[in-house]
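Down below are the structures I want you to see.
Heads up, the next two complexes both have chain A, just with different partners, chain B and then chain C.
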Partner chain A sequence: MKGARILKRASRRLSSSLTVDKATRAVAPIGADGLAVLPHSLPVLNGAKLPAVREGAQMIEVTVDGHAIQIESGSSILQAIESVGINVPRFCFHERLSVAGNCRMCLVEIEKSPKPVASCAMPTMPGMKIFTNSPMVKKAREGVMEFLLANHPLDCPICDQGGECDLQDQAMLFGSDRSRYYEVKRAVEDKNLGPLVKTVMTRCIHCTRCVRFSQEVAGVNMLGTVGRGNAMEIGTYVGMALNSEMSGNVVDLCPVGALTSKPNAFTARAWEYRSTSSIDVLDGCCPSIKVDNRGGEVMRVQPRTNEDVNEEWISDKTRYAVDGLKRQRLDVPLLRGADGLLAPVDWKTALQILADKLRALRGDQIGAFAGPLVEVEALVALKDLFNSLGSTATFPPTALSADLRASYTLNSTIAGIELCDALLLVGTNPRTEAPLLNTRIRKMVRHYDLPVGLVGSAVDLTYEYSHLGTTAAALSSLLTPSSPFASVLSAAKNPAIVVGTAALLREDGGAIASLVRQVAKASGAKGFSVLHAAAAAVGALDVGFVPGPSAAAPSRLKLAYLLGHDDLPAASLPEDAFVVYQGHHGGAGAQMADLVLPGAAYTEKSATYVNTEGRVQRTAKAVDPPGAAREDWKIVVGLALLAGKPLPYESLGALRERMASLAPFLAAADGEAVAPSSAEIAAAALGAPSAGQPSDAPLGVALSNFYMSDPVSKASPTMAKCVQAFGTRA
Partner chain B sequence: MAGSSTGALALRNVAQKSIPFSSSMVETKQRVLSLHRDFLRCVPWIKRSYKVPMSEEKMRTLLTAAFKEKAAENDIHQINRLVVKGRMELEETMMMWKGDSHVISWLEEADAKRTAAMKSKKNEFLDKFFNGL
Partner chain C sequence: MLRRLAHSAVRLPALAQQRTTLQWVAGIRTTSARLAGGFIHVESPENSVHDTFTFDAESEKEIAFTLAKYPDTKQGKQSAIMPLLWIVQQQLDKAHATIKYKQADENATPFPKSQGGGGWVPLAAMHAIADRLGCSHMDVYEVATFFTMYNRNKLGKFHIQLCATTPCMVCGAYDIMHTIESHLGIHVGETSKCGTWTLTEVECLGACVNAPMIQINDMFFEDLTPENTVKLLDDLAAGREVVVGPQNGRKHSLGPMGRTSLTEPPSGPYCRDLSSLKSS
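Entry: the complex of A and B
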């Protein structure tokens, strides 16, 4: 009896395919036309910030699916639709690239237009009536999807993009459930794009995002299309590698699995990752990143959108150097024995030995040196410890004066580059020292013809600039109004001057700084900006991790504490000095050390960093430090206890209060804003007395090797491959 | 105050304060725990309202230490008395019947006491550090 009822019900359901019961309606409701009524907004768009209306823009009214909306005239139909929160499927369109209009996935219907139109490429007209969910649109989308899939391989199970593939997602949402093609799929030869980007070109759907990215953002004309129609292929024309410091971004941009990340090939699936929002500290900009880990191992790093710093790009070092986090790690304390070899000891012994040394030595016999990746917490703790031991010999990663914040930060800010109308670079190669700043500059040069002048070695910057000279003499010539770039600078309303640390850290750095100040004054610039390549640099200056006036010279120290510092020449310390290295990688610093204390890397601790603009941000702990390694501030606090000089904090919260009492802006480490320096302070920074005559040695750049600039990237095998393939980019 | 609203907390406080005595130890234990938790819940609010120059974590530790001090008490009458007194203290604090200096100096004294006690004991931080906690 019961069985018969079930049968009857099933046959009733079959007989009218248009009737859907409640359960299925919850999944995809079917409209009167027999087609699915699609969700109006996808989770990705919910809560997205809409762009602010520009001042003076003319507004027009259009109707989207019956909602009348006001939109800036000249915006595309796609923007109009997005502004009411409706999602339009797309492959080729990308907010930060030019419009190509070649994938046709974004078709919508316009009233009185006989054919659907590509919404990303079509401007809105007053009174336009747009439909995004009409039968015509659905049919068009299904058609486009069918064409795309006709040649797309069915290798999702072995594709690294699987699970985070736009084509998969949109085929599920907007595609038809069957194909009418039985022909053989086309196949395309894979290209070799170098050690970072893996290609499976058969999967390419020819959206040309990668081509546009490399031309527009990365500024290397290396990717292009060859052939047409079914024979179209993407590739470098002459079989070269994609030689750019930003090349990894094409992996994120590619909507399918044609371009995937080579170092991560076949290692993990998208749904196995646990993500942590953090920041990167391998360059001075500290871009926002997402750290994906699996089973306590950092697998990959991807950019997070942050309009103020990295838009949505990151450099290859940020993205691919993380495999260095698994190599050459220090995971137990090491002590140099009588045989001259480092041997493991336990923490108690290690700290006790060091504490005894500190007790036995006078304040003027000990000194601390901070490296490029050290966070503010450890710096403050170490500085407090050394001060309480009577030493002010605390040497920061970049030895600049910490008196005025305006004189050592990038005052123009990274996003502020978009507001300047003339730019002078002094002794820096932004392409290696701050790739993200460089892409901003390129954007301005490309779109607004920003005039850029460079004093220093003539490096390849992905955009045109006037090379004014290699020595400081070129700077003085900018003070004579007859020089062409001087007139450009003085004609500009908001000129910016960016000085690299290579210029300021030379013997004659003071003289160069005062020349720069004179140029800034002559051109009416509000101040000048310093570009740091090290993430620890500004934080160290902010908390006053600088040698005091009575600090002992390195050559007189009996004990040197290297906090992640690898570049100290052994000759600068006396032969018999006891060297302590605290850090996460076994590099040059650990090799010269008598005692090694293993610390945590930036993915293994919550740590505060101040980027070159003075933006205070915090990393998040994604995985645990390896072995017996400890968070750096804890090591210092523990040492202080054993040395009989307990620090007034034993928790991260209390330590951060101490930081905030040193520099109040360190309290809110949300990276939201940069504490601006007031006009008077900026003027004071410009008014510093001039010092001496600069030498006529040519100005260099801060990094001699872009791919291997810090302990993490030096340990990374991928970065080593990059050096082989692309050189050092110096 | 994250988690529980100030109103609910104040209500519970008044209700609990007016129970003069609970005769069973089980019930009393619950009242003590609830009082402890209410104190901890109030910490962010107290820090803000009385401008306490201490981290929340520290304040919580000190409050907990004050409870632990009486951990050996096993006379049910005494415990009940303490609970009511605690409730009264909490009420005074929440109603802003105290001044900034009352609260701050109580905490500071408690801190000084604790540091002195810790000095004589072995250091907790180092124990944890060596054990990798």
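Entry: the complex of A and C
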């Protein structure tokens, strides 16, 4: 009895925490004919945005359920209906994919049309009268639903899609509570699509969203429909894994439980998650994500729609590397003892030892190195501390000149890549360094034949490009107007040039940058864009986390402070240097450290990041840091206090005011806009050519391993499986 | 119950019914279950992803002729997937030249070369086609799996396609099926161990008037009885001459009473009397 009460209470709590739209979950009453009685009007989309009318578009008038509306000529009926906020059920239609029109769920009635029509595939005509809630529509949709359910297994209780399944939701509106189908259901063999996507192909309703996504967006034509009729299957025919860095998105696209997340199989239910809207920092684009956690554990990451950055896709690293947040974590301060082993100490001891060291050393004997995932707050605090200790040896993740913002950001912006009419890539592989930028470029190549040229290693970018050469000499040849791609660039009205950090961080980076500037000038480009693969890169340059002119070289340091920096070769520091590692993962940096200070990962703190285009965004805290780990800026502030150089801020708000005083655009971290650089500033970034000749060494790429590029993804077992299955994608 | 009765009425012969029932119970009955192979590539020594395929000179000639018919665009060339698959099947039909045959109707068109009915398309050939046409491998897989006339697994020297659609079925197609099965020791969808025979059940081949019938490679053998089926199979196996067309001496598809209507030339007026048009 008591148990039942507890159960009831628990289920009430669960149902109240549901985030699903209540209206779509309402059970429709059954009419005299045994069919569901539909509400007069379908749920209205909350805050539905009316599509912007393109310039020069011809408007026509159609009537939706008696309301006359104006809509662009050529719009589909579904768009017309959505524009007045009426929801149309659908499985195959997806606004970012081509129209397939094969699920038939979006049927509506058109006056004088004898049959219901698929609204996603039928264009509107002037004067068309559309009905979305007539008896014909109701019967048609119920019929479609009955056919879909005829071969769909009744395994919702063990299906990972349960609770966030389009078929479940729409069956509540259009499905009958009993079946008229007594035959044996069809069964389909499951396909092995690799370590990320789990398949239960019997559940597939053949909407072909995954096929269209992999062909159109991901650019890997590996999924298809094999066979026909009742025997049709979705698969690769040859039993290959879905080899794409964007493959996880098919899990979101699948309207049923046919494609689910393999690492998350059978771990949690959709209604158990607590969602936090945040951003990802594992690549330089910082896509918008939703961090789903349960019981203080990050379970999964899903994309949030952000038209400016990631549309509604995220890369596999963003999505699946989060299981690295539970492994190899530093959760207690560690001190290297006389035996050479790291042993736990308490915070006070750890910070006191470090503060004593800092007091004992001169300013030119200490230096700080920032890693790829460090937020602006910690960078500012550490820079302020080191400056007050008399050191300017603060080394950013990407050592570029911080003088002019336009010279180190992606000035074209990610969405703005869609506006360029010629694109030159220099020393970069956008497919690994910024998969979301790469899908944008692919979109433009696919739809508008955007001419793309690449100087650097010839990699598979999923679209056609002209490979101009592997060395900087190819850039010089672009300066001669006779070269074919130079004429493409100069003929373009709005050419864009994207340079990878691999090209700029070389010994001869200055010379290469100078060549790129000359190419930009010659082609009339407004500037050039730098593509960063690290989320901390632009933020560090924005707040001036760069070595000063008199900064000590790393080889002369007595104390090195590694702030989440794992890639510093031990040989670059002197043997007797005291190494401090502050970060969240026990990687290479922690292994060479004498003192380890456990910090918080990006899901465990509210932290500001500036993405490669200069967009200021903030993560949100989804869970607590593990054990004794603390937010990074707090560690630095506490250390400063003990070192006798207290910093003038004790709260996050005060620290952010300090950040805003360094760089005013950091104040509004809403991610809404990117401060565009004016034409003059962009021209100034093109600057005077610097001396020196680039070497003839081939241009490399920034990431040697796409799946393991930072402390989080290096600790992720799923990413390790991806490397096994797909290689490094270098 | 009514539904079940109807069910067994349709699937009369006991063996077929037993097997289909089993497949129904297992819940895996698909169209593919009755053909040779499913819709997944099965790696085998003779059909491997690591193989390479080269078109022979004859095929190259046909490919050039075929591609000339389509626009020289990506989509246009993709349209040539179907004819190219068929060209591969013709190239790999090694048995055609070895069959000695005579047409039941001496005026019938001869078969100078294979029409592809006895061949197959290895995976390597699909890849070669995709590379030739500039489309993805998947595009070719989709076409090759959609149409049953493309055989995606190596078949026996003789590919027996037994029509079991309604007219043939009511005329005893399943008797012929059992005769073949017991005579050759294989079931539908199987290839004999000696590699000589493959038996598949297909839908209507359009020779309903002469039912029951089978197609062996490119040739129709019609008006079958268990007896003449056995003789036909033995003759083929022994390399003796076989008669293509009706096996019971019937001419074309004449009824038992011979021609009973349309025995004289039509008397006119003709629908397009061009000479009269000219004179007027």
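FYI, the second predicted complex is superposed on the first by the 683 of 730 C-alpha atoms of A that agree within 3 Å, B and C clash if a C-alpha of one lies under 4 Å from a C-alpha of the other, contacts with A are read in each partner's own complex, and residues count from 1 in each chain.
Criterion: contacts are C-beta pairs under 8 Å (C-beta built on N, C-alpha and C of every residue); 3 or more make two chains touch, one makes a residue touch a chain.
Computed from a predicted model, the values in this text were never measured in an experiment.
Engineer: Just chain B (first), just chain C (second), both, or neither: which does A:654 touch?
Structural biologist: Once the two structures are laid over each other on A, A:654 reaches chain B alone.
Engineer: Go through the superposed model and pick first if A:221 touches only chain B, second if only chain C, both, or neither.
Structural biologist: second
Engineer: With the two structures laid over each other on chain A, which partner does A:584 touch: chain B (first), chain C (second), both, or neither?
Structural biologist: In the superposition, A:584 touches no partner, neither chain B nor chain C.
Engineer: Give one of first, second, both or neither to describe whether A:182 is in contact with chain B, with chain C, with both, or with none.
Structural biologist: Only chain C; A:182 stays clear of chain B.
Engineer: Contacts for A:357 in the overlay, against chain B (first) and chain C (second): which applies, first, second, both or neither?
Structural biologist: neither
Engineer: Going by the touch definition up top, name the partner, chain B or chain C, that contacts more of chain A.
Structural biologist: Of chain B and chain C, C contacts more residues of chain A.
Engineer: Taking the superposition on A as described, I'd like to know which of chain B and chain C A:236 touches: first, second, both or neither.
Structural biologist: A:236: touches chain C, not chain B.
Engineer: Quick one: is A:729 in contact with chain B, with chain C, with both, or with neither? Answer first, second, both or neither.
Structural biologist: After superposing on A, A:729 lies clear of both chain B and chain C.
Engineer: Mind listing the chain B positions that touch chain A in their complex?
Structural biologist: 55-58, 123-126, 129-130, 132
Engineer: What does chain A use to touch chain B in their complex?
Structural biologist: 346-348, 628, 630, 634-635, 637-638, 641-642, 650-651, 653-654, 656-657
Engineer: Taking the complex as given, what residues does chain A use to touch chain C?
Structural biologist: That would be residues 182, 184-187, 189, 221-231, 233, 235-239 of chain A.
Engineer: Enumerate the contact residues on chain C facing chain A in the complex.
Structural biologist: 3, 24-25, 27-32, 38-41, 49, 123, 136-139, 141-142, 145-146
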